[in-house]
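Single-structure report; data block below.
To keep things simple, chains are lettered A, B, C and D as they appear, and every chain counts its residues starting from 1.
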């Protein structure tokens, strides 16, 4: 889940001087004032272009505002093209940027508009522009949200093996349950094939329950009832896993204020009498009131 | 989430003497006997007026009891008007009350009835009266429920950054998933536009699953299955977050106040008779009442 | 939630001698061998009678097995009548038993059959017999399940104030959301009245989502999406509350093996050095491996 | 939930020498290089045969690829037959293997194909082959996933009594709720019998909500609303139970092994360099690999 952000990417090569260094600082580094402003402006631009793509899909609006939406699309395409070219120009190793995760997305988000100019059927690919929205995850670099995101990501990362076991169990259960229901209910009750039955099994076990496919025979309803009740226990696992993991990491992070007077290590437990890093005696713990 | 309650609001200005002070004590202060009685009576009145609004919306009843419901509405309007005027009269700074949160709601809840007298089309706004129901949250000032509400609000407040990250993730996921399904399933299968697809994505990822829109193509069903399983992990986060936060705050509140008079260790259990660290006798536990 | 069980109920009056004492021991006391056997037999009888009521509701079976089901019903009625009469005979204060919770249920479960003999329309009340099933909760007296039930009931009992706050919040949210959707969508889209809209709001916020009523207008779908996402945070509360409460009570119950050598009190914490009840020094804690 | 795996099963009798020992090592023991390869190959073969069964159920594909699917089925049948015969040959006590859990499944997965050769109606039983997929749970023996599976299984095993109490409560609630709704709504609104109403009650209380059956009368909708809200509290239990259980076992497993050589305090963190109680230097932490 580690998202490759473009903030201060040394691997692209920071240019040594001149306008390229100035532009590099603005575009790739978020710690200067101009850099932060560029980031916010880019994010707003991306959100606007996403909004246009979304609005463009509503037929009523598309028919009425055909002209306006077309102009807006070309404005965004040109702005993104300029941004892409400047990014290429001001890094030392343009190829590295062009082949990086966000480099490819940046290219993909402008290409379809140009291709559609010659071959109109490419226009449907304009929606790829939505991927640029992944830059929103840069918000996770904002200090206020960074810690929280880290705790959540850490909890997910620590639970990944458990979640794999859970997903494998779900997959096997859905195959078995899907096959049983395909045999019990059969195509005439909507369970037209095992893949469709497996789709039904997942819709049921996640308690989504669209109702597009549902059991009609008494035996099928009985199996469904059992599957829902037993499946509920299985479905309870990810919540429990992530919750327990979060409680653990939040507890482990709690006592961060105690500092060793000798080696300045932080985060000693409330009951500790000596620094766990250098063995120096700690001052008695001042508990918070509240 | 801090709800502005009208109990003992010094900023409105407590009058110094006479009938205004007496009325102020009854209406704005909940700690006297008359004040508590007024509070309960007002709450019952509000609940009755809400009930009338709800019942009034049932066509069968409205046609049969048109006259009775109209009379009840005017009784409530007059009572609320009297209350509003008295509130204005007995505070020192009426303007402050009139522009406060509950002051505006109190006015809005009586205005539509009077306007409808002249312009019948305003009658639909009578439902604004429902907002007065927010006064029910005064119940949170009742000692028995106050602590519990505080724990819940505290848990929500502590989790707010995590929940923001979660909501942002959900928003981005719903845009991506909505666009993918709009492209895969298309308008002919009910995914008529990206906004509608996003609505479907949220209905699916929260496992609500109305079934008004659902995938028809095998590819769409496969993407839906994956989205439900993976989305389940994301959806597990708020439960985990709030649960972990609650467990933390409940643990932190439990037995922290008892202190050994000899070695000053804190956190003895309520039933303990001797210090678990030095064996010194403890003073009898003073249990909270509530 | 404290279920009044009929096991060894001294308030009914234990007879002093003779056959009444023998029968009392069998029927009301579960600790003798005969008493346990009677309990198991009664439970099986109740389950069978419940099964007959359930099967009787299936039209296909009722038509085919009309005669058999009628006979079975009368057998159960007679057996329960005999049990009821014996219970009345062998206690010292029959009136007390007759007016106790299970006494009333026992009477109600046989009365409809007799009434239906004279007035056939009373037959529908035979289903009251299902209430006898509440005796199944006697299973909670079985040592193996008693502790577990206690932990669960304790967790629910400790959370009752929090759950009240949660239910009140849900009620207010459903009124507000129901009214908003009644105004936004209106009767033509299925939101025929505020009560129906409130029913929809609860179906939505609990993520059940039948789909019998669902938003049709873009604004309604937007409000629904927000309601589901925000409501998910509210819905996460009971899970979090009960989970945290369970974790607390399970943790509090954990260290039960340490025993004071002097006063034999159990359940000292792992880090305790002295008995918290008598102050006697404790042997060092032998931690489990595993 | 303890899954009988066929890895190194001494009860089948390890042959003493010759080709039977060599084959036994390959087929039944997973710790040698050849054994691991055989395991992986067998797993892939099983997954392929499952895939063929799934694809075979899609009518469009079955009609077009009738011939290819038939050949593939016979290839899998022959390969599984060879495997079955070799397994029988190379163990000392073939009968014990033949009557073991996986021995029976191995036989059942090849029998239907042969029977269908003579009696075509047996062909539907070919789906039994899916049960071979249970061998996938051997993946739980892979060290990386073993621990995680153990934690999850342990949490489920510890919660089994609580989950039994939960399932019993759900069963009783569904009978009572089903009967009430059968009486209130009746057959004309889809609640055709008590079993069907019970199916509806479980669909509702697990918040699946297909919508195939839903209340139509105001009273039914009110009861449903209450059932969903109150049922939500009950449904919250398994999540809470499993989550609390997981948190407990994860906490118990964390840093319990490190012991101070001087004061013998246990439970130091992995990064600690000195005892937090007496300040004595700790031996470097021996981290687990896995």
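What we mean here is this: a contact is a pair of C-beta atoms (placed from the backbone, for glycine too) under 8 Å apart; a residue touches a chain by one contact, two chains touch by 3 or more.
No experiment lies behind these values; they were computed from the predicted model shown.
S.K.: What is the chain whose Cα centre is as far as it gets from that of subunit A?
M.R.: Relative to subunit A, the chain whose C-alpha centre sits farthest away is C.
S.K.: Please tell me whether A-B or A-C has the greater number of C-beta pairs in contact.
M.R.: More contacting C-beta pairs are found at A-B.
S.K.: If I compare contact pairs by residue number, which of C-D, B-D or A-C overlaps with A-D on over half of them?
M.R.: C-D
S.K.: At the interface of subunit B with subunit C, does the proportion of residue numbers present on both copies reach over half, so same, or stay under half, so different?
M.R.: different
S.K.: Cα centroid separation between subunit A and subunit B, in whole Å?
M.R.: Each chain's C-alpha centroid was found; their separation is 30 Å.
S.K.: Please work out the Cα centroid separation of subunit B and subunit C, and write it as a whole number of Å.
M.R.: Chain centroid spacing, subunit B to subunit C, equals 29 Å.
S.K.: Between subunit A and subunit C, what is the gap in Å from one C-alpha centre to the other?
M.R.: 42
S.K.: Among all residues of subunit C, which ones touch two or more of the remaining chains?
M.R.: 195, 198, 207-211, 239-241, 243-245, 247
S.K.: Over in the complex, which subunit D residues touch subunit A? Could you list them?
M.R.: Those in contact with subunit A are residues 50, 53-54, 57-59, 124, 127, 130, 133-134, 136-137, 139-140, 144-145, 147-149, 151-152, 155-156, 163, 167, 170, 174, 195-196, 198-199, 202-203, 206-212, 235, 238-239, 241-247, 250-251, 254, 268-269, 271-281.
S.K.: For subunit C, which residues are in contact with subunit A within the complex?
M.R.: 207-211, 239-240, 243, 247
S.K.: Please name which positions on subunit C make contact with subunit B in the complex.
M.R.: Residues 161-162, 164-166, 168, 172, 175-176, 179, 182-183, 187, 192-195, 198, 204, 207-211, 214, 218, 221-222, 224-225, 228-229, 232-233, 236-237, 239-241, 243-245, 247-248, 268-269, 271-281.
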